[in-house]
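Structure provided below as structure tokens; questions to follow.
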Amino acid sequence: MKYRMMLLLAGMMALTGCDGRPKTENRRAGQLAGVVSKPDSKPAVHVYIENSGSMDGYAGRDKTDFKTSVYTYLSDIKIADVTDSLNLFYINGEIIPHSPDVSDFIEKLNPATFRLRGGDRGATNISRLIHTLLQETLENKTAILVSDFIFSPGKGKNAEAYLINQQIGIKMNMAEALKTRDLAVIVYQLSSEFNGTYYNREDRPTLIDGRRPFYIWIMGDAKQVGELRKKIPVSSFKGSGVEHTFTMVRGNQTVDYAIRPGTGKFSLDRQSPKNKITHAGKDHRGKLSFAVNVNFSALLLDDDYLKNPDNYELSDKDYQLHITDAPGGAHGYTHSLNFSSQQIKPSRLSVKLKTGVPQWVEQINDEEGLDIHAEGAMGKTYGISYLINGIYEAFTLKQDFYTEIKISIN
Amino acid sequence: MSKLYIFGIGGTGARVIKALTMLLASGVACGVDTIVPVIIDRDMSNKDLSRTKRLIDNYIEVNKIADTRERNKFFKTNIRLLNHELCLQLMDNTQKFEDFTGKSSMSRENQALMEMLFSKETLKMDMTAGFQGNPNIGSVVLNQFENSDVFKAFAQDFKEGDRIFIISSIFGGTGASGFPLLRKILHTHNVKDPAGRVLDNWGLINGAPVGAVSVLPYFTVGSARDDSLVQSDTFIDKSKAALSYYKTEDKKIDTLYYIADKHTSAYEHNKGGDAQRNNAHLVELAAALAILDFVDPEKTAENIRRDEQGKIRRTTYKEFGIRSNAPEINFENLADKTKAALVNPLSRFLLFRNYMKFVFHKQHRRQPYAHKLFTGHFRATDVIQKLEAVQDQYYEWLQEMEKQTHRFAPFNLTSRDALDFVKGAIRYQKKSWYYRNWQAVDNELNKQTEKINRSLENEKKFIELFFRATEALIQYKDKPHDR
Amino acid sequence: MKDLFGIIYCLFDSLFGQNLADYLWGYDCNMQSFSNTNVFNRIGLLTLLLSFVIVFSYYYLINHPRFNRWWSWLVMLGVTGATGLFLGYGWTVADFHKGLMGDCLLYLRDANGEITSSLIRESDCWMFGVVNGILSIGFFILFSLAINIGGRLIPRLASRNCKYSPF
């Protein structure tokens, strides 16, 4: 009780516009690692906008997709009632709180304010950024970070080594956090007009005017993140809209699934009707077929991923799988796994939904990061794949599949 | 194991014995367990006689399966014949009366006496046709019957406790004269056989209870068609003559029954031979009841009244009466005791007959009671054939009684109804709304079949079953006034 | 043991369909398990009872000397079959119309919730009736045999007028 009071006090002090550096250490005082988040309480959402120098270009003009996307997203969060407290910050090397007034925030979203807000506007150490965010979001908070995620090894540094180190750092921080928390990470990739200075990997500036990708990163307790995503789906994003998504949750989760009666010639086992079928026979098409309703909502994966049969690993190659939406009326189920086989034999079928880094990550990754005017480089982000892979590896240390569905066939 | 020896004299004797046989076949209670009938007649070709003989032969066969040791009363009383003969045939067959008496070999004085005693027609009378209503002749001839083999067998067969009964008609030839004569012989001491030996058991016979029934006129005959000497208008006169002689029988017999019917029937005039085939009459049935009355153990005190030495103190005289008279008599007209004795047995036996006639051939293949027992050739077996022959004769007997001028018609004989064939307001059956008509009989047969001793032979099971079923279906209770 | 009826019925489940069978086993669409009442047991028991009543009536209540032939027995067999058929049909079709059968058993729906096909139809109810009729005939024959044999072993128990029907 005493600790919470202190926290509240500190938070209030922060919100009232004290331009002092928030003492993150203080705030962490008294916090226990691994506090179980109460699912009923609405978590605080902290939104961090990166205001390092490379971000100025997104806010250069009065109206950019960047501003539109961010503004609408923040408004949506406020409206959607997913949280009791929405806190706005600028972040670079430091965290600079802002008043929760969203419109005010957006109006002031320009390079001038960026500069005004100050902090360490130099090159961004993404690994440290992630680390800071992880610290900030212990105890029931969801962190949203808007950034361009460009690594900056700096001049004269070994870029490759730097990137690898960053990846390792990210991985370790994430893995550490994952030991105690059931985290989930969503990365939305959007794009916007960029009119300003672009700093390449050696920090050499170039003035550009084009379209550049930027990212909205959401991290927090898996349930809350899922809730947030459900309340504000991808479709509600304005501006460029979400062009790609990367989601990561812990592996080997249990999901709800049940065999759907009526989808083939079989009987449901009376003791285990959800995952055992008996008296399997060929239907009129000459195949053994059955469908399994499954609830993938906790996995925070999008349809593109979930409906791609290549992302599934079947223990028995005789079975074919294709995935559809769950039929209307199937309560609580999101998708339907439809199996068929030419052969009928008693088997225990195991279906694993594999984890994986989506292809778009490789495609949007700028391996060089030197010449912004190189072919396609405008639409790429330097080193993004190292960030994503770092996260990926942290999550998949122990398992490389999200969930496993086991069906017994007789 | 007491017996009753019945001597039925003449045509009436034969018909009364027949009536008695019918009663015994239908299960009327009898105070002795064996009846030994003997018909004494000169006229062997009498059709009445042959019918009765056939009936008794059939009865004896069926009687063999009647002893089921259970409830069965049909054919229960044994009937035995002496030397397997029913008739005590008079030995001499000489044709004319005068030849029979050997008049031609008599002395002249005796011949003259004969001519004085008997009319010329009488002397020339052909005797094979009975005595044509002349008792005076009969008495002479009948003296002969004591020499017959049957009579010898009777003497040998007789046991202590057996009784004797004599049936005769008071009118007519053979009967009227035979009765007192027979009685005299029975009471003669030391009667010897032709060889001169005293007949066995004669002492017992002398002292045995004797009853007799004398049947008074109950029919007239039409005028003669051939050279018959029988005249019904002489019947009354002759009856009177005989009756006055019978006065001397007083205290010589234990009980004397007189049966008569004022309401006479007209018969065809046939002096004898095949054609003397008189139809059955209620009077014969009444005479048969007299026999049963004589052997009724409950009536011994009133029938047989002797002193300590066994001498008859008094002769009991009895008559048969009915409650009300009418041209047609049914059970309602009879006295209560008669009803009580007759309704159940006669009705049950008729039901048995009707079932066999109308229903059995169809149902025996379908009903559980007959299953594996009475199917196939069962009906064709000798004893069952004889049983049905008796039933046919029984029906005929009932029909004949119905056709008399004074009709005895207790049953609606043409009815095909299973249970509704008794005339009059006699309540004797419980009506079931569910099992109608013959279904009720089948139902009862199926019901009773379980209760029968499984170890009995098929034929015995058969008769026992039908007795029980008819007994259950027809139960007339003796009530003081059934109206 | 408690599944005995269901197992017997399901020998014929190709006739009335797996989905109706699942309903009768007691499949609950919401729980997705067989937690509802086992309707097979109820119908089976009632059918058994009715068959017994009909057999008993024939041998002991109707018990008539003119209704004891082999074809009388067949008539009763027919009555039993018809009773079983209408019981089976009536019960399932009533449940069908009362909406007791779960949606997941009744229809195949696509992603939008539109019905793509009906999984349980009234004809399935008729077929179930047929199966129930067959079953009731089976019970009838068994009970008849029992009564026939019992009656031959213990005469007091035998039917009075139908003792040898139909054997």
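As written, the chains take the letters A, B and C, and residue 1 is the first residue of each chain.
Note that contacts are C-beta pairs under 8 Å (C-beta built on N, C-alpha and C of every residue); 3 or more make two chains touch, one makes a residue touch a chain.
All figures in this text were calculated on a predicted structure; none of them were measured in a lab.
**Q** If you take the mean of the Cα atoms for each chain, which one ends up farthest from chain A?
**A** B
**Q** If you average all the Cα positions, which chain's own average lands nearest?
**A** If one averages C-alpha positions chain by chain, the most central is C.
**Q** When B-C is set beside A-C, which has more C-beta pairs in contact?
**A** A-C
**Q** I'd like to verify one number: the distance from the centre of chain A to the centre of chain B, where each centre is the average of its C-alpha atoms, in whole angstrom.
**A** 126
**Q** CA centre of chain B versus CA centre of chain C: separation in Å?
**A** Comparing mean C-alpha positions, chain C is 68 Å from chain B.
**Q** Indicate the whole-number Å distance between the mean C-alpha point of chain A and the mean C-alpha point of chain C.
**A** 58
**Q** Residues of chain B that contact two or more other chains, please.
**A** In chain B, no residue touches at least two other chains, as defined above.
**Q** Provide the residue numbers of chain B that touch chain C in the complex, in ascending order.
**A** 363, 366-368, 371, 434-435, 439, 442-443, 446-447, 450
**Q** Quick check: in the complex, which residue numbers of chain C touch chain A?
**A** 3, 10, 13, 18-19, 21-22, 25, 27, 30, 32-34, 103-105, 107-114, 119
**Q** Using the touch definition up top, name the residues of chain A that touch chain C in the complex.
**A** The touching residues are 258, 260-263, 265-268, 270, 273-274, 324-331.
**Q** Can you list the chain C residues touching chain B in their complex?
**A** 64-66, 68-69, 155-156, 158, 160-164
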